[in-house]
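Lettered A, B, C, D, E, F, G and H in written order, each chain numbered from 1.
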């Protein structure tokens, strides 16, 4: 039985390299994928690789990885020294949303895109957001991350021209636990130009932003 | 069998007169209550009295009612010519939220409170809201009504000192149908001072505001 | 009380003109908005204007509207004879999804964008979809509409380079009633580049696509 | 990247000082915030700071904190010796609701308000509640905490003149697990004057009560 | 194909005669069942027989039925002149709960049990309930019906020795729409002796009460 | 602050002694209650007392308790040597339902009722159930416990005259996780005489059964 | 724009001819499909074609259809006089489930399979089911339809060797409204061999049964 | 009390031997069942036997078991050297779905059926699936396992003649957490011939496939 079929040509076909989602894979499965990749001399992005799993990977594989604990991501293969492509900005409503923001940023970096993060601009104190508008208005696509009631998405989309890719984060408790409220707020937003991806899906927001830049900016 | 027991002393006990919620009552039941009230010479507020039901009530009862179709409310008994008490303001995010706003306003009027409504101040165009801040900041308690994603609640509560009683309206479609998203946004709000009542419950928001003024302002 | 505050400058600020969502507004409210607009000589897009409501609007207002029953949209004001901007394509999984597809198309047309629709390409018979790939691959942004199990979104996003804005339609029964399953499929898609808007929200998909073209293609 | 932007002026603007919600923050993030605050000589309320996280904070920061394990709250900065403001009372249905009640009480204390708690007055034995009515009727605003079926909210609101801020606690099992039933009971209550905040949100109930006293009692 | 198989022996086996639930049956199906029953000279209870359906039944069948519009029930066959068995009481929280209360009462009457109804005893005004306690404490089994937040169930069960069969009614709006909240309140009740049946299921509550009296009182 | 108010007279008033639900209480709180009870020489039933919590209670308190790990219950105070009252039977669909069945049995034993358990009689092999009918038909009230799809409730109620108190157990996975399906099956049952309590609530089923025997069998 | 693409070759490819689901299609759309089919001389199965829609179709199209109101199905094209293939049986728990049973039967008939229906065999009176076992055990695949609590599925699967395709019907009220409970019961069934399709999906059950017979019986 | 009643004759009656679902059973309960089986010399399949539980079983019992950690299954009793029956194939969308695929495979093996697994054929890269079509089209029944958005089910069913038994796996996060989306996608599939079992229920899919082969292939 072939347990996995790596899609080496995906980047050529769609502009986005395949990534390995580690969450429901055992350390043994991840290590086997890593061994094949190292043997083939391939680059790869690993997401949702928790530190506790990372610690149990084979030492040579761990040594080959550029691991970031906050975002639970790892890069295999040195990033070529290319220039970073500008145009995408990341906005995080609160400090607690930074793991998701970092997952988006790391995904952008892996694909050689700049990934500036503007953090802690929730709408309870509007001055925090309006004080950053000059920076935010320079982006051509904005990835916004918010948990709890996610009011950031609507307010932000009303203030900038760029489309807003909204990522609900699972930060919250009570009715907001798990990120459902923030997600539905993004979907129900009255502000034109808000687009949603799955809860906590910083990776998906980043790859969509890249596809937008590649497809439209070409 | 006694079908209903009117609570004539409730206003004395709690400051809020009993009201008759008509939604799940038949026209015959409403008419019977009306007959008892007219015989006793009592005042009464009727809520959720749809026009189609109102039209089928006995003519003398209809003549005695001050009926408002938009809010589906009716007053029985002339309002005494007392002065209106100031302090409570109503804010509606959109035109579609006006039926709920009117239900709150009519409830306030029935209890001799002023009920100014500021309408169409959704956060997609922040200038609509910030342009009304001088008016809004004069209120001691604010009743805010919003459907869809309900972002108004958080933004408003961050801009005023008054507590905000949030009423989700059932205006919306898709994930926002029925008002659940707006309600949960109010509950999950990061802004201190947001308090929620049931979806579409303009009556409950108004009576709570009155209780606050009576209990705290005494 | 001011019942509505029209945002005449929104197009200048964000590239998208304000639209009037008619669903929860009474005919009287819509007519009042129409009167103000006609007096001011303004163009406007009306969405979710059901035929039964349209029939009850004042005759002069109706005469001024370009009404489309299938999509429940109307244009006020003649479209200037400008050329249509290319780049956005619409894909509908089934015949039943055409009302939502038309809402997206009409929104694009109102803003002077071309709006070609490729219909009935559900994945049960893959040949229906693969047979249209040459056409689909020419688009820079694709709006995809599907109800039931929404498998179209993932398959399509794996075949094209363009980002896919997924609109779940409320077409379905049993567990699929209301469009929730198709929406969640879009959000849970493993294929990079799938972005979701609210169920049945053809208008939101179209305005987001326009913002993408304006912001990124500039 | 700036990870957090503390809002030192919020108390001046809204009467409620900013607080730090620790639940989804790492110990490192909390410690960084603490270091900035200590350097600036600022007071701060920390909520949802679990004992296991508290134990891992830097020793000098821990020494500066007044920590309460039951409510998972901590005060940074000595409370000035001001008198406590009367008017707010807290009612807890059962012993299991005390952590939430204490979070409300600690929030009140941090803002120099008295915070008397009346505990174990669930409605199964009505005498427990009616025996405390003399005390409860003296409060101008009541914060009520209940889990399971939350019947306390309606019964209490029918017995007192003060508005009741209902906090559902996540105490319960089966259909009541997580506090949803108690929350919905508060929202659906037939008794006028019941206002809801998020499940377990003792902090939000306390800050709303303070806003009410400041705004209305001024 | 045999479309239905009437269970003539059920009363002998279980003490409860079969009933015909009309809600999802066509008038033709109900009429066919009626014809077989009339030919066989059998008694039968029909539930959820809406007036609009009743009006379309064959005239001879209608003439043979004792129809009650409020409860949407009908009896076929004259009730023998037996004495009514005492022991079961019905309590309805509000006027709007009377259709469900009547369904329970009619079911009891069909089986020759007394069915006294105590109405409009919601807990918002506790005196309405406590004023009826002498009557209520005489019952050996109590059927309680309440919509909205259903607080009646817990308070009542704390005041009487009899077991309480709780029937949530679908009376309510917003979060209470459909009766879910009242049902879950009954299930989550802290008061021992509360037993739940399906929403609006007055028939089920009555037959369960009869089974209790027959099985335990024998 | 009084943290708890024990209801020593409840047994006299309602026939059911108060019990202490330990699930959301700290060991310190349970120990404090235990100390008061031991000082007063009172009997008490403790439910949902997990073994890990039991192990941390003070030694003298533990020595005074009759603890049962499977059901997570404990008795304080020697059971008087009274005879056990017959009439109630317990049926468990599967081996995994035994913890809930034991909670019901222990509650009955504490109140001096016999508590025979018939186990592993799920309906997949009907012979398991029908083979026990002679025993089951002797009971005057039956407590039935089932998880997964809970088909036992309907089948059993169709075979016996006794009322069936259905307790959904949280045994199951996938759609059945948490016991919701089994609970709703009990509520939706077409078989007359099925009454539901909360998921896993063996205690509630037992106390309801006792109330039935006391109220009806008196 | 091509509005529909009929899949004339599907029967050849998969053994199941395409069908037209009429539920969300307008009469105009259905008529257009019908015109193309009649011009091409093709057979077709139409499902969920409500009588009110059927009445508005063009007269020549209506004349060409074999319409069945109970199941809301229609055949276009004369069924060839082939013999019917045996092996599939249909079981309906109650009279109210017959529309779904008929949809399955009509789908089978259209494909030249026999479609015997055994009706009204719910498990409340087990004798109704066990009395039909001889007939049921002759089938090689059984389609079972049940609403409410759906206990039929588990009991039946424990009594026969044939696999059981369970179709939850949307017959029910309260917690059972819409058919969710019956569907989840089928999914959670402990009995091996129960397979589920969507609620009310008699068509899907029939086509799956045909695929089983064609694929396995070949 | 008899805690369990093993159904030794089930294989004879239905073709599927009873299995022991270990998930909610204690190690002691599992060991007791094992002891009885070993004494009787019986074969048995154990499912959901986690490694941590397996490690705590008595040594002689463990030695007698053929345990597979990935699928959490164990065989008691040597498999007779019979030939394996062909006809059933297993398809897993991703590497993370292999535990469920293995549960299905082990169940097939225990019953002497071949169980080939085709893995990592998700639809994002259609070539992974289409490249395996020759193999897949040879199966007479296909068990397909997918998490996240489960698009595999519809696409696969459109490509093969065999019926597809869809098993949603609980692999996913955000809206896809727990497997609900994939399950509902299977149920809502437009492709004829998709049949669903419970989430993660590899055992149920395998036993259903066996019943199909035995009943139809006989």
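Note that contacts are C-beta pairs under 8 Å (C-beta built on N, C-alpha and C of every residue); 3 or more make two chains touch, one makes a residue touch a chain.
Everything quoted here is computed from the prediction, not taken from an experiment.
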*Go through the assembly and pull out the chains touching chain D as well as chain H.*
A, F
*Out of curiosity, which chains are bumping into both chain F and chain H?*
G
*Which number of steps is the smallest that gets you from chain C over to chain D via touching chains?*
2
*Pick from B-D, B-C or D-E: which interface has over half of its contact pairs in common with F-H?*
B-C
*Could you see whether B-D or A-H has the larger number of C-beta contact pairs?*
B-D
*When chain C meets its copy chain G, do both sides use mostly the same residue numbers (more than half shared) or mostly different ones?*
different
*Report, in whole Å, the distance between the mean C-alpha point of chain E and the mean C-alpha point of chain H.*
45
*asked:* What's the distance between the Cα centroids of chain G and chain H, rounded to whole Å?
replied: 28
*Spell out, as numbers or ranges, the residues of chain H touching 2 or more other chains.*
125, 158, 172, 174-176, 183, 187-188, 198-199
*Among the chains present, which pairs are found to touch?*
A-B, A-C, A-D, A-H, B-C, B-D, B-E, C-G, C-H, D-E, D-F, E-F, E-G, F-G, F-H, G-H
_Which residues of chain B touch chain A once you look at their complex with the stated criterion?_
122-126, 148-151, 153-155, 157-159, 172, 174-176, 181-182, 184-191
*Which residues of chain A touch chain D in their complex?*
95-96, 98, 116-121, 125, 128, 147, 171-177
*asked:* With touch defined as at the start, can you tell me which chain B residues reach chain D in the complex?
replied: 13-16, 87, 140-141, 158, 160-163, 165, 183, 187-188, 192-199, 204, 207-208, 211-218
*Touch list for chain G against partner chain C, complex*: 1-5, 7, 10, 21, 23-25, 29, 33, 48, 168, 170, 178-180, 183, 198-201
